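Encoded as structure tokens, the structure appears first; notes follow it.
So that you can tell them apart, the chains are marked A, B, C, D, E and F in the order they are listed, and the count of residues begins at 1 in each.
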Amino acid sequence: MAKYKRILITGAAGRLGSRLRGGLAHLADTIRLTDVNPIADLGPNEEFVQADLDDLDAVVAACEGCDAIVHFGARADEDKWQVILHSNIIGGYNVYEGARRGGAKRVVYASSVHAIGFHKIVDQIDAHAPHRPDSLYGVAKCFMEDLSRMYFDKFGLESVCCRIFSSFPEPADRRHLWSYLSFDDCVRMVEASLRAPVVEHTILFATSDNREKGFDNRLAGHIGFHPQDNTEPFRAAMEAATPEIDPKLPRFRFLGGYMTELPHPDDAKA
Amino acid sequence: MAKYKRILITGAAGRLGSRLRGGLAHLADTIRLTDVNPIADLGPNEEFVQADLDDLDAVVAACEGCDAIVHFGARADEDKWQVILHSNIIGGYNVYEGARRGGAKRVVYASSVHAIGFHKIVDQIDAHAPHRPDSLYGVAKCFMEDLSRMYFDKFGLESVCCRIFSSFPEPADRRHLWSYLSFDDCVRMVEASLRAPVVEHTILFATSDNREKGFDNRLAGHIGFHPQDNTEPFRAAMEAATPEIDPKLPRFRFLGGYMTELPHPDDAKA
Amino acid sequence: MAKYKRILITGAAGRLGSRLRGGLAHLADTIRLTDVNPIADLGPNEEFVQADLDDLDAVVAACEGCDAIVHFGARADEDKWQVILHSNIIGGYNVYEGARRGGAKRVVYASSVHAIGFHKIVDQIDAHAPHRPDSLYGVAKCFMEDLSRMYFDKFGLESVCCRIFSSFPEPADRRHLWSYLSFDDCVRMVEASLRAPVVEHTILFATSDNREKGFDNRLAGHIGFHPQDNTEPFRAAMEAATPEIDPKLPRFRFLGGYMTELPHPDDAKA
Amino acid sequence: MAKYKRILITGAAGRLGSRLRGGLAHLADTIRLTDVNPIADLGPNEEFVQADLDDLDAVVAACEGCDAIVHFGARADEDKWQVILHSNIIGGYNVYEGARRGGAKRVVYASSVHAIGFHKIVDQIDAHAPHRPDSLYGVAKCFMEDLSRMYFDKFGLESVCCRIFSSFPEPADRRHLWSYLSFDDCVRMVEASLRAPVVEHTILFATSDNREKGFDNRLAGHIGFHPQDNTEPFRAAMEAATPEIDPKLPRFRFLGGYMTELPHPDDAKA
Amino acid sequence: MAKYKRILITGAAGRLGSRLRGGLAHLADTIRLTDVNPIADLGPNEEFVQADLDDLDAVVAACEGCDAIVHFGARADEDKWQVILHSNIIGGYNVYEGARRGGAKRVVYASSVHAIGFHKIVDQIDAHAPHRPDSLYGVAKCFMEDLSRMYFDKFGLESVCCRIFSSFPEPADRRHLWSYLSFDDCVRMVEASLRAPVVEHTILFATSDNREKGFDNRLAGHIGFHPQDNTEPFRAAMEAATPEIDPKLPRFRFLGGYMTELPHPDDAKA
Amino acid sequence: MAKYKRILITGAAGRLGSRLRGGLAHLADTIRLTDVNPIADLGPNEEFVQADLDDLDAVVAACEGCDAIVHFGARADEDKWQVILHSNIIGGYNVYEGARRGGAKRVVYASSVHAIGFHKIVDQIDAHAPHRPDSLYGVAKCFMEDLSRMYFDKFGLESVCCRIFSSFPEPADRRHLWSYLSFDDCVRMVEASLRAPVVEHTILFATSDNREKGFDNRLAGHIGFHPQDNTEPFRAAMEAATPEIDPKLPRFRFLGGYMTELPHPDDAKA
């Protein structure tokens, strides 16, 4: 197979990043890892560059010589504005600048359902639906999708923005029965995003092949992402654990789940 | 699994209703049956309440204490206006009033292809297509879909309107090769409609997984209905029995089949 | 101009019906009026047939010999189910049966914004939007739109369903600034609907040419309805009379206005 | 099964035509073959009529007595205007005139991706997308799709226009990984197009069931075409053979591939 | 104003072509006229080149040195295949080749409603609607729209395809009340098409500003065509002359009018 | 008329802000102005609060007691990332936080064509089209549109995002003939945005009523913005000044004009 020379994984010490290391190893001569935290157990074709995403120079240096970037770093939940601003917005911008200056061809970006969290599950939206973020976190995801759109239109840098719904070791609540993305399917998604011959700027909805679906992924057919897992093994236990669903509550009606009900993060007591 | 306390099945002595009794038994502590005709062979978790759908008080009483209603009662074919008016329109209204007054959370309603029967099969409509009923029967189905839409928007009562195409013991004519819904798939459809966590007001097209398809069901992905049967076992015999298809005839072109060619039912001789 | 032989106006003694008598006089040799109440002051080309819409035989007799029907009769507000059922549903059915049996070519029907009252003004819907009635009254309007669709598809009887928003002597509240239809524009609308060469089954949104608009009427371009009035003369007084708008209230957000907030009419105390 | 009496295959000596002979044999009492070149090895239910598509009288004669026509003849690549004009445009017109005059009920036409070759793969178009031909060859395919649309609307002659992407013995370049249609799937496609009960005028996108997809075929669900092959067995070799993809090049971005980059065929040196 | 150096008008001796001569004179230093018939009365900035559109060399010569081409030549009604083929298809191809080889920047092409004549007036189509030609003449118009699309996508030659509905000295039948394009509005349309800064490949629907409209022209807003005439002065006489409209007849229902009812032109007796 | 108590204008010393002061005076008891630069000439119902948008506390203080905010402050052209980040992104966030904390009901925000600058003029997009920013400046506008969407969905704060195309004293180049928004129309736009009874979250395209249009504004009909000016008085001079348009250049094809061709602002030499 045609390999990349060097793939950079940001957030490589994180929950998903650490799973991607092994899964993507066969796609490149070298996998470069970066994280704000050190990574000790490097594999044979792995290398590590420590960097805070907030530091443009460090990020540019980490991107140097990488023809593909898998950007899974940054804060992965709602947080105060200063955290989101520095980790997700400034950090995200820095990664795209690193990609552009370093001559990368493609970025696979861990976007999120929270970019469109205020759409209803019954509306079965597709990738043409306008942004409706449900949180500051979601607004930052929108920012990254828009930024990457401009980096493709203007600079020719391709991106796949994978709107991950719920990626955890296993489903943790009732909503996850339809929103869950298994770690293995997450790796399949990134691999497909890296191997597809042309992606330009693609929005991909990302769950496993669960029985109930909350979106229409037909506009990403050229990625060739075919999830293999589903949540049926967890169904009985999950349904039993959530005997009462109130369909009027935002957490059930909207794609974004509980995040649609969170208050402004800067209102919370420290 | 999270069970309903009591599911009411209307038309429980009918062709489809009688199949639903067994199929839904595991979903509730009690299955209450209602029909204008008596039902003798009650199972261990079944109870029976006799009621004419046309009688509001009787229907309200039947709905009392039911948290879900599977409304499969009423006249199941084109008929004179007075029959459709009383059985399908007034009877249907009574069921929704029963549901609302009794505090039910969800109704699964046996709507029909005849609500959109004058759309063409080649147009591959989805649930956003406007109503185009093909008969008084179809107009009554539209009435019920619109009524249930209002009961959700105003009163929060959820509904799944299942547009059943052709549900019989087995395919009976050439059109059924694509329009057939097996009884087992019909049960799967109702079960999925009852188990889906949020349905708000959903329109579901309902056939088995036949080779040829006449609609686009993507807007009901959150129901998780996956038919398991298909009509291939019947194909050779059916095709042989219908050597000549005239694609200009409404019965072949339109989703509603023969019903699009029926005269006004009140013009027929008594 | 090509005249109709005889136009029937139902509800001819009502608020709008009485305005239509003069406005349509030049379009037919004879204007036949019908109402449950008597009309005394008949003009030279007018004739009167008393009929309760609920009475099929009487309605059929009234329609006899009419090549066009302007159906503005029936209850014009939310009401108890039995009223809506008899006046709007059964009465409306009777008018279409009268039209069909009497050989009329076209019906102009006073439908209503309340057939789509739960759509939001900011969504700027067009005639392809699904029904979202806001009341029993609205459900009956949906019923009539669906019934007339079938009468065209099956029997070739043309209809223009005019979704009247707010037609009163003058604007009466803040919402009317965008929803108002003057009586003169209402007459223009019916005249255009009668004169357009082909209408098949057309949905027309009907307000005056007000500064703010709540819908997209482009799908009715073949009707040639061009309202001439607007609410600017009433603006200053109306805005002063409604100093506080709460955009979260259904009465302001949704097309249907206050009717979206009404309780079920049968819950009200007698 | 209900058989056709006589199916005519044009271009029966060609790459795809010769594969169709065996595949369609069971669908008709007689398979009539036509080609500008002679065919010697006729099977038991085969007959041969030699004809140049450019010759109206010969084509009309070949169509005589055929109730279905599988039109796979004509130039199968970009070529000079005079070749395209005579083989594809005039020849194609002659086949439709032959079908009409001979009373055929249905034509299955080998249209091509090149009718919409200037749409981008990432746009995932469906059959409603406007024509965007990429070559004179593609313009001729558009002509045939439009001509056949008129022959249905006016004369009731049904057509399935199969937009074949890349049908070869096996995938020959990187783009074929998503665009390839195996010969066996091609036969399945024609069989489904002949057997579907009603097709009116249908546009069908035609590739095998490859991992990556470049279009949305939902509008052809009534054809019942389910490809069984895919290109995974060829993937490793193909990816290795195309190490560098430049997503800015038309040959990769657009559905039509290399044909979007060809100069005008009449500019080429003889 | 920025002038063109030389505008070529084809069909300059024809009904519309002769009106364009004066109307476009101020837009170019030189107006070159071409027609198969001689033109004697040349104005001061006019020049004439006689050419049969069917003759590629002659057409190429006529196009030489022209930076814009207004292609209004060719047969302007339904006709036998050989006429349409030579005058409209081959002739039209020759004009685009002339434009391409001569380095023209823009073509304004007299397309026709007959390219979409089998769409219904009540469907209010826009420029995204697929072709539905109503005649061989209409198929040739589709061919030209598709050819010009390719000449823009591949060679950068801009086109405005003006779908002229009914352009005559004055309205001649009832349908013209909505379909009429006055000669003055026709000139305005061509002028706007020539002056708009960017047109790429634009489809423009072309009638005067008549009271009833049969299409949605919003996708051509960048052309800036604002018709100034309408058919109201002709209405009374026209309506009187067409007392009976049968909305079931194709000539009234479909955009293409009478042409939808014509038989195949080669079936007609000589 | 119903007045606001206090409207805050940000950027009140700027090009557009200074024009808004007078134009909005009649809409509120008090107009509060804010800018990083001092404003000396306060009118009778004006008050001034100096604030740098980058300073959250200062902005929150400025918003205190204002029931509407007209946010026209921040950098108004492409600039280096640090400028855009602080002035447009952080500054914009601060204004929305100020609005939320201060209890404002509505924000009118000066968004920009550059949020969708990479859409083509010939595509005639509407407000449902996805973001396609053409610059860092455009990305910041997208950020603000997304942020304000969330502030409405979650906190109920209404916004009108006015995508201003080109607002200058008069048209300055050829593109402005269609993209120009006069200062008077800009004031009309803000006034309409403040007076419309319900806006939820509205996207409004903003030019004067120019002959050529580059977008479809029908989704903002409820705002009631009717521009009164146009660029015809400037046309002759502008067309003469731009004799050559190359329709292949991004600056002419795309809505965003010259900004689509700018390099990354951080690549420019200081």
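To be clear about the criterion, a contact is a pair of C-beta atoms (placed from the backbone, for glycine too) under 8 Å apart; a residue touches a chain by one contact, two chains touch by 3 or more.
Since we're looking at a predicted model, the values are computed, not measured.
When the partners of subunit A are compared with those of subunit E, the chains appearing in both lists are D, F. At the interface between subunit C and subunit F, under half of the residue numbers appear on both sides, which makes the contact a different-residue one. Note on subunit C versus subunit D: their Cα superposition corresponds to a rotation of 180 degrees, in steps of 5. Separation between the centroids of subunit B and subunit E, computed from CA atoms only, is 51 Å. Averaged Cα coordinates give subunit A a centre that lies 32 Å from the centre of subunit F. Chain geometry summary: the mean Cα position of subunit A and that of subunit D are 41 Å apart. Shown for subunit A are the residues that touch two or more other chains, namely 218. Interface note: chains touch in the pairs A-B, A-D, A-F, B-C, B-D, C-E, C-F, D-E, E-F. Those residues of subunit D lying in contact with subunit E across their complex are 81, 85, 89-90, 93, 97, 100, 118, 128, 130-136, 138-139, 142-143, 145-147, 149-150, 153-155, 260, 264, 266.
By the touch rule above, subunit A contacts subunit B in their complex via residues 120-122, 124, 174-175, 177-178, 210-216, 218, 235-236, 239-240, 242-245, 247-248, 252-253. Residues of subunit D touching subunit B in their complex: 1-2, 105, 156, 158, 192, 195-202, 218-224, 226.
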